[in-house]
Structure formats: C-alpha cells, structure tokens
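Below: one structure, written as structure tokens.
Order of writing sets the labels: A, B, C and D. Residues in every chain begin at 1.
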Amino acid sequence: MSRRIEHTPVEYLRVTDLHAFYGESHVLHGMDFVVNQGECVSLLGRNGAGRTTTMRAILGLTGRRSGSIMLDGKDVIRLPPHRIARLGVGYCPEERGIYSSLSCEENLLLLPKVASGGMSVEEIYAMFPNLKERRHSQGTRLSGGEQQMLAMARILRTGARLLLLDEISEGLAPVIVEKLGEIIRDLKAKGYTILLVEQNFRFAAPLADRMYVVEHGRVATEIERRDLPSKMGLLRDYLGV
Amino acid sequence: MTETFLTINRVRIVVLLALAMAVPFVTYPVLGMTVLCFGLFACSFNLLLGYTGLLSFGHATFLGTAAYVTAHALKAWELPTLPSLALGAGAAALLGAVFGLIAIRRHGIYFAMVTLALAQMMFFVFLKAPFTGGEDGLQGVPRGSLFGLIDLSDDTTLYYVVLAIVVFGLWVIHRAIHSPFGEVLKAIRENEARVTSLGYDVARYKLLAFVLSAGLAGLAGATKVLVFKFATLADVHWHVSGEVVLMTLLGGVGTVIGPMLGAGVVVVLQNELADKVGSFVTIIIGVIFILCVLIFRRGIAGELNELRRRVLGDARSGSADGG
Amino acid sequence: MLKGSSIGLCVGALLSLGTAHAEITDGVVRIGVLNDQSGIYAGLSGPGSIWAAKKAVEDFQPEKHGLKVEVVAADHQNKPDIGSSIARKWIDVDKVDMIVDVPTSSVILAVNQVVQEKNKVMIVSGGGTADLTGTACTPNSIHWTYDTWALANATGKAVVKTGGDSWYFLTADYAFGQALERDTEAVVLKNGGKVLGKIRHPFPGTDFSSFLLQAQASKAKVIGLANAGGDTINAIKQAAEFGITQGGQNLAGLLVFISDVQALGLNAAQGLILTEAWYWDMTDENRKFAQAFTAANRGAFPTSAQAGVYSAVTHYLKTVATLKEDGDGAKVVAAMKATPTDDPLFGKGTIRADGRKIHPLYLFEVKKPSESKGPGDFYKLRATIPAEEAFRPLEDGGCPLVKK
Amino acid sequence: MTEIFGFPIQALMGQLVLGLVNGSFYAMLSIGLSVIFGMLNIINFAHGAFYMIGAFLAWMGLYYWGISYWWSLILVPLAVALIGIAVERTLLQWIYKLDHLYGLLLTFGIALVIEGMFRHWFGVAGQPFDVPEGLTGGFNLGFMFLPKYRAWVIVASLTVCVGTWFIIEKTRLGSYLRAATENPKLTQAFGINVPIMVMLIYGLGVGLAGFAGVLAAPVLQVSPLMGSNMIIVVFAVVVIGGMGSIVGSIATGLMLGIVEAIPKVLYPEISSTMVFIIMAIVLLLRPAGLFGKER
C-alpha cells in the first residue's frame, strides 16, 4: 500500500503563502509546503521559527490568517476550527492539552469520531495498557509519559487521517520516546498522513520522509530523506546544533 | 499611551478652561457643578482603572464618606468651608488606605469583589450611624464662605470655586501619572510580574494609587456637598459605583480628560432626560452601556484620539484590532 | 437656622423684585410633577400622578379664569441630587412655579431647600415624612395627602380600640420605617395596648419568612408592617403563605396604598388593615375620577397620593386665580393656608399654619375574594378618623413657623 | 439547655429550615452564573433580569393565556433560555476575547434595558400570583409551620441542582462542557462545536434563572426590580463558592442561606450585609473562593 503511494504521490495538505498573526504580531510570513497522502513530513527549525504556529494556523487557532490551506482538495482557511477537525485532522498539541476536569477515560472519549476506521477503545488500551489501568484518574494526575500517550491515543480513536503532532517527544524518558517512534512507524504503515514538529532531530530524522526547515515564519529549505546525509551541514547551520 | 488628543499642552488647557469658565453663561450653574463633581470622581476612578488596571467596585464609598464628613463638619461643627472639604477628602483617603490594605493583594475580578464587599459594609455603617440621618440624609448643610470673604450661597460664585477645586484635582492626577510614580503604575497595569522582578514593591505603589484615588474621589464628594447642601445614602449606594464605571468607559479608559466627558454625558442625560422621556431613562442608559462595550470601547476621548490619528495619517499602530 | 431662612428670604425678595407685582410670571402658571416614574414608588405616584395633575388642570378650565397653565413632569429616580437639580433647573430655566407630588423622604427634604431658597411652592402628596410639617417646615411647602405620623396614629389607635391590643412590629431599617414604628408604638401604648416585640429588617428585603416566623411565635394579635412598597408586598404575600391570618393574627400595613393591594391580589391581601386618606369607591365624584383614571392608566386604580395631586393642584390653581400672582411662593402658600380647600375628591378641608392639609382618614380592611364585587373593589371601611384627630397636633411638630 | 444565645432551639430550627429555602434560590441562581462564568468568561450581570423575566412570564402565562403554574415550570425556563440564546448570539458573542470588565458592563447594560422595558410595560407595583392549588397550606413540623410551597421549593430546586450537576459531571455532553470551559480553543480544534456549546450553556444558565423566577413568583413580589435586588447577593455567593465551580455554587448557596438565617434572629438589621462580610473574609483567606482554583 505504502509502496503504491510512493509511486504516485497524492497531495493531501497544501499550504500556500500562509500568513498568520497573534494579535498585532505577524508570525507566519508566507509558509509554503505540501504533505502527500501517507507521508510523514517534519517541520524543523529553531524555537520561535513558527512551526507550532503553522500547525495552529492550519486548525484556525491563531488570530488573523491569509493565504490558502488545501485539505484533501478543499480550501479550509475560512472554516471554523471544529469544521476543520471534522474533515479528518487530529491534533496533538505541544502542551498535550490533557483536561484536568476530565478523567483519563473522559479525555480519551472526548473527541468526536470524524470518520470510520479509527481505533476502538480496546485496541487503544491494548496499545497503551497504562491508560487502561489509570482510566478513572483525573487527566492531569497522569505522569508526563502517560499524558503524552493519552494525547496521542485520543486522536487515533477519531478516525482522523491527518495527524498534526507537535513536540510529542519533549520531556519524555528515552524508553517512552522510543515507544512513540514505534507507534508512529506503525501508524505510517497503516496509511496515516503525519505532520511532525520536532525539536529532537534524532527522533524525527528516521521517521520523516521529507523535512522542511522553517525560519522567520517561512520555509527556508526542503530536504528529502535520501539527501539527508549530504545536507547535514546545511541543516546544522539552520538549526544551530 | 492614548493621550495624543487633549494632551495637556498649554493651548488646550487655556481653551478648555475658557469653555469651562463660560458654562454659567450658557446653562444653569448647578448642572455644570454636578458634571464637574462627577467628572472629578470619574477621573479619580480612572486613575485606578485606566492607569493601574484596578477595577474598584466600591468607589461610591469614598464619594459618600467624604460627603458625610464634610456635611457634618459644616453643619454640626460649623467649621469653615475649606477645612471641611479637606477633612472630607482626608477621611476618604484614610478609608482608602484601609480598603487598599485589605484589597490590594487580590487581582482582577476578586479585587473588584473585595472592594464591593467592603463598600456594602460601609453602606451598612452609614445607614446605622446616628449622625447620617438614615436615608433622609444630612440636609440643609450650609455652604459657608471662602476665607470669610466670598459668600458661596450664589450659584455662579460657587461654580468658579468648584471649578477651581476640580482643576486642582485634575492637576494632581496629571502630575501623578506623568511622574515616575505614574510610569510605574502604568508598567504595573501592563505587566505586574515584570515590575515585581525589577525590584519594585508593587503592593506599595498600588496602595498609594488607591489612597490617592480615594482621596480625590472624596474631594469630589465633599465638593458635591457644597453644591447640593446635603449628603445622603444615595451617594454610598453601589449604583453610584456602577455609574462611575459607565462614565469612565464612556469617556475613555486611560485618557486624562475622557472620564470628565463621560461624566458630562451621563449627568446631562440623567438630568435633561428626566423630564423628557420619563421612565425611558434607564433603557437609554442601558443602550449606551451596550453600544459602548460593543462599538466604542475606546470611549469618547479614545475615539477622538483615533480619529485624529487617522486624519493626521499617523498610523503608528493601533488600527489592527478595529479592522 | 435663622441665618439660612433669612438668606432664603432675601433671595426670594430679590427674585420677586425683578418681576412686576401681582401678575403671573411670564404669563404661564407652570406645574412640575416631580416623582419616581420607574422605581419603587412609581406605582403609588409615577405616571398616574402626572395624569391626575393634568386632569386637575383640565377640570379647572384655566382659560375661564384667564390663566394659562402648563404641566411638566420628571423622574427623580429617588435620588436627592437629581431631584434637587431638576427642581433648580425647573425654577431657574423653565420658570416652573409649583412642584407637586415628590415621594421619597430624602428627595422631599432636598427639594424643600431649593423651593424655599427660590421662594416657589412645593406640595407633597406622594411622600410621607412628617418632618415636612415639623422641624423642616417652610413657608413654601404644604403636605397634602398623608404623613407617617398620621398613618401610624390612625392605624394604631383604631386597631387598639377594636381589640388589637398586642403588637409586633416588622420595621424597615430606614428612617421612615423607624418613624412609623415609633409613632405607632406611642399610640398603641397610650391607648392601653402593648408591644411584644419588634424586628428591624434590612431595606429592601426579599425574604420575610424568618421575621414572620418570629412574629408568629410572639402570639401578638397584630403584626404591624412598618415598611413600604415591595417590602410590604413581600411580607404580606409570605404571611399569607405561612397562614398568619388564619392563625388569628392580623396584619396592619402602616404605609400601604391601593396599588400594593392590587399587586398582591385579594387572596394574599385579605384581612389586611390599613389607613388611607382617600378611596375611589366612596363617592360618585371619586368613582367618576377613578373610571377616567383606570381607562387612562392600564387598569390601575388611583391611589390616595394620586388623588391628592389632583386635589392639591386644584386648590393651588384656585388660589393663583384669585391672587392673580404666582411668582411669590410664600405669598401663594399663605393664601392657600388662608382659604379653606374644596374639591371634588377630598371635599372640604383646611391647611394649617405648619403646612399640614387637614382631612379625615379612613381605616380599611381588605376584603375577602368572595366579598369583592369586581376589579378594584378592595376595601371595606372599618372606621373613620375625623379630620381634627387625624394629624399630629400643631404644637407637637416643632415647626418653626408655629408660634408657641 | 433549650436555648442558644437566649433563643429557643426550636425557633432556631425553624430559621434554619427557612434558610435552606433561601439557600435553594441562591444555589439555583448561582449555578447558572457560575457555569456561564466558567464557559463564557463573562460575569453575567443580566442574570437577575432573566430571573425576573421567568417570574413575569409565569404571571403572563397565567394571566393572559391561562397557562398553569405547572406548565410554566417547564415552558418558562425554555422560553427564557431562548431569549438568553438570542442575547448571546446578538450581543455577547462579540466580546469573549476581551477583559472580564467588558462582559460585566455589557450584561449590566442588558440588565438595565430589560428591566427598563418591563418597568415601562408593567410598572413597578408588581403583579399578583397565588400559590398554586395543591401547594397551599403547610406541614406542622412541631417546631415550626412549614408551608407546603416552601417544602416544594426545596425539593424542586435541589432536584434541578443535582440534575445540573449530573449533566455536567457525569454525561458526555457534560464532558464537552467541561473541556470547553477548561480550554475552549483546543476543544474546538478537536472537532467539538464550541460556539454552540457556549450558546447552550448561556441558555442553560439563564434557563435555570428563569426556573428560579417561576418558583419565586408565588412567594415574592413579581416586579421588574426583583432581579436587581437579588443579583448582588447571588454574585457574592458565586465568589464565595469559587467562580466556575458547580459544586461550590450549590454548596455555598445552601450554606449561605442557612448562615444568613442566624443573624435574622440575633441581629436582623445586618442580615443582608452578612453575605458581604462573609465574602470579604473568604476572599482574604482563600482568594479563589471556597471551592475554586485561582485562574
């Protein structure tokens, strides 16, 4: 399945000349990039480059926006956030967004199903046994790792085909990071389309098919995975690592 | 900030003062004096809301306390006029210090609620206190004279005295907000944590602002006694605390002269509409409130500033959130 | 005090100097109805009083007397400073000659000062503070319909005499409530009754059940409601709920108007004892007035305060027409005091030196729903207090105008 | 031994029961205020006006259209909720992003307009409304005479309070509401139609106020001013309980009703100031209220 897509890339998300503001401050200055169906694309860049804002802008969570966001052939820039989500976008925010007023299970079940084909609760509990154990605990009483898993798990249940994952490895123990990597590889195999924002280059590099380097609110360069070894120097300059 | 319009420069001061001096020739002086008193009251309130970011929901207490004290001093102790005024304003400032010490550590809506609670308690005290005359109030307070020379029983004479007092009050406010003290207050409004981290004792600055504001509100209340010759419970009622918010908002939060304009509009409406629209007064005031919040959040002075900025093409910033 | 009034007199003299003697200033007699048009006293005065004033002018037929009369009205919102400013503006700018109605004690006292200072006329009908004919009396004011002392005295005396000799007071913790309580208590004690207890409740109050329970437990025969407006209505409504009247206790409203009874409905109000100066269903003239009033005021029945405005305006116009002068308020008031009153609603009466209008008062009991024959048929007469006993004796008020 | 502060225990018991009745009203009104604050970030000063509308609609229903009290109990809250929703759509929705102050002022203006209109139409004297048949009379509890209607108020309002608590804490819709209260933007990004939730919450909140209004109609003066007399106290209840806390509102409402009952016997004059004294003390000791978290 993934092989077929590799041969004839079908565009799933196309962002063109995207500008976005927070109040008075102009954060995105014309982002342009494409994510194809079944692909895992990573946005790299320094802090404040505009990667998280890009995700939030796709979902309509920033202030004023302009440009175009084509999702599966449809321009969504004028839609309210909940309509965008209902088109099959699952979002795992940087701050995880676990609700303290909801139990673990309520957090998991909160998100409405947006399409068929999502994982069942049983499947999810099989994948994350910790969550099953702690399903009656208050959401924010879970450990950091558990919260991250919960944040991931709840978007898998909805049937969303495009996953926006923001800094999911941040602040987690290496074991858990490794586990998350496995999950993403697994999801990719299942045909999910993934946009990944990562600080942790080591985590993102093996997962991403392509990478975009973001700087000052626009795409500075695009790197294919196969070109990665040759462009490491360039990347270092951009990321300052 | 937003003080480009009606910025206090000499020409404008002269023009405004000339306008204010002309009032007794245009309308009856008592209306003018009422506007001035409530204007000073609103300006004192704005010193807190507009420049320090503190919403006091009990400001009527300071107006009323000073009114009672001044009235009592004039009527029962037969003190001369000026010392009575000073006594009233001083009492308000003192009460402001007490309120401030209790409320200052709370933020936002909680601060407003603490001030409301304290004000309601003071209402009860004034209701029960033997010298206030219950809801009948202290009536028939003599105006007295200025230095024993100028008789204040004439409305026009009194108008100029009131004008002088109010100008003095405004001058104090103006000095306060353009001093280093005022700069710190504005910084507190913008970002309290940062001011704290710079090593300022935020609580002390807030308290000072509160006391100053209470004292000036008291000055307004004391002056009002001279105008009306009575002090009643209506002055300490929470409705007045609400009205002063309307005046300030309508005039322009954080502008020097705005609250005065707002007070003017509200007082004139209340007095002039009273015999024209009867029971519609409340509805009209309500609609003004709604329009203010939805459309003219900058208030009269703020909108004029904006207009001037647009006309002069000085689009430095500040057009984005409107459009 | 002396100084204040002499200043007032001087100012008055100055004002009247400017105008020619013995003529109508600027050719028009202007009457200002100053009252509460949207607050708690709007029901007993409010728009109905404006209507009554206009009706009085119409019935007087000013053109026949060579007068031109205008009625203006304003809402003082129960705030003394607004009332006082309006009064000043009316007198200074709009050339108003007489201000009438004025409910709310604090506004009465505030406007009283202005009217005296400017030497105009104030006739109070909607308000009740007995100070107006006591320590605060002026040569420019008349108190027309009722006052707290008169109501307290009438209800207290009549109720004690008919067997209600033990009392419990529910008092609004405000000056008027305390005055009502104080005056009623004095009368009750004087007539051999006793007071078993009293409660001062906050004003305005909503829940009276707790106080009623205490009153109920006191086993007093009469529960005196020394409050007004919404407080009285709430107290009576809740008393009905607690079966106070069924339990053999009587409620006596010390300051109740027909508008309150109408708001309560007979189910809740039945058995309530109250004193009024005027009731629409007593004479044919009254009924005729009430019919026109009800048609013009959305089915409301005229209160005694509103009828009092009619009566007061009528007497004022008669006096002005005879004097052919309206500028000198003290002079007009003096003439009004010198002439006996006579009008369709209040009949014949007099005005005392302290400004107190004298007429009989009536003690009513609110009918049971089964006794009521139609809308507005609320009261049955229990007793009449003759004019000479109805009001506070002249010498007890402490009015400086009265020479001992 | 049968006296406390010189008052017989029996009398005190009676007062406590009555306090519970008042507390029920506080609880019903403050829940609405509290959920609205939580979700809309607006301090709904117009709450009292909706309570008043509820009482008036019950009266109008009976007087003009012959709708009985019992039907009113169901229909009026719905009607009030619809009015609330209309207000939310036309006026409130534009100011969610602004400071608390603006919401307070806007709803204050709305309250003035609503009250002004009712004053203009109906005057302020109030309207008669009798206790419905079947609830007249009362129970003799030995220590007091409890009118049936008061007992009914306690039952009805506690049912409504518990029902509201259940919907919000235990149902799926409730989890949406809680999520949208905690983080509206993110919740919307998860595909939940938050604007509709906000609208519904406002409708629910003011609908509860309308319900309280119907309950109050037979015992209180049905007058345009009834709401503004109530709102400041209910405000205080919400602040004492902790803004946005549902359990806090119910518990504080009931508790305050009972606490207020004591000064009504000992020093009645202060009873309506009591709530502010408590508020000041609570805010000094626990800035976020008894059940709240500081935001």
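Criterion: contacts are C-beta pairs under 8 Å (C-beta built on N, C-alpha and C of every residue); 3 or more make two chains touch, one makes a residue touch a chain.
Source: prediction; values computed, not measured.
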Neighbour overlap between subunit B and subunit C returns D
Ranking A-D and B-D by C-beta pairs in contact puts on top B-D
Centroid check, CA-based, most central chain -> D
Subunit A and subunit B have mean C-alpha positions lying a whole-number Å distance apart equal to 53
Separation of the C-alpha centres, subunit A versus subunit D, in whole Å, is 44
Per the C-alpha centroid definition, the whole-Å distance linking subunit B and subunit D comes out as 33
Distance in whole angstrom between the CA centres of subunit A and subunit C is 76
Among all residues of subunit B, those touching at least two other chains are 128, 279, 281-282
So subunit D residues touching two or more other chains come to 116, 119-120, 269-270, 273
Residue positions on subunit B within touch of subunit D in the complex are 55, 102, 105-106, 108-110, 113-114, 116-118, 120-121, 123-124, 128, 238, 242, 245-246, 249, 279-283, 285-290, 292-294, 297
Within their complex, subunit D touches subunit A through residues 172, 175-176, 178-179, 181-183, 185-195
The answer for subunit D against subunit B in the complex is residues 43, 91, 94-95, 98, 100-102, 104-106, 108-117, 119-120, 232, 235-236, 239, 243, 269-270, 273, 276-277, 279-280, 283-284, 287-288
As the complex stands, subunit C meets subunit B at residues 3-4, 7, 11, 32, 37-38, 42, 47, 72-82, 84-86, 88-90, 92-93, 105-106, 109-110, 112-113, 129, 131, 136, 173-176, 178, 203
Within the complex, subunit C is touched by subunit D residues 11, 14-15, 18-19, 21-22, 116, 119-120, 123-131, 137-138, 144-145, 147, 149-150, 218-221, 223, 225-226, 229-230, 261, 264-265, 268-273
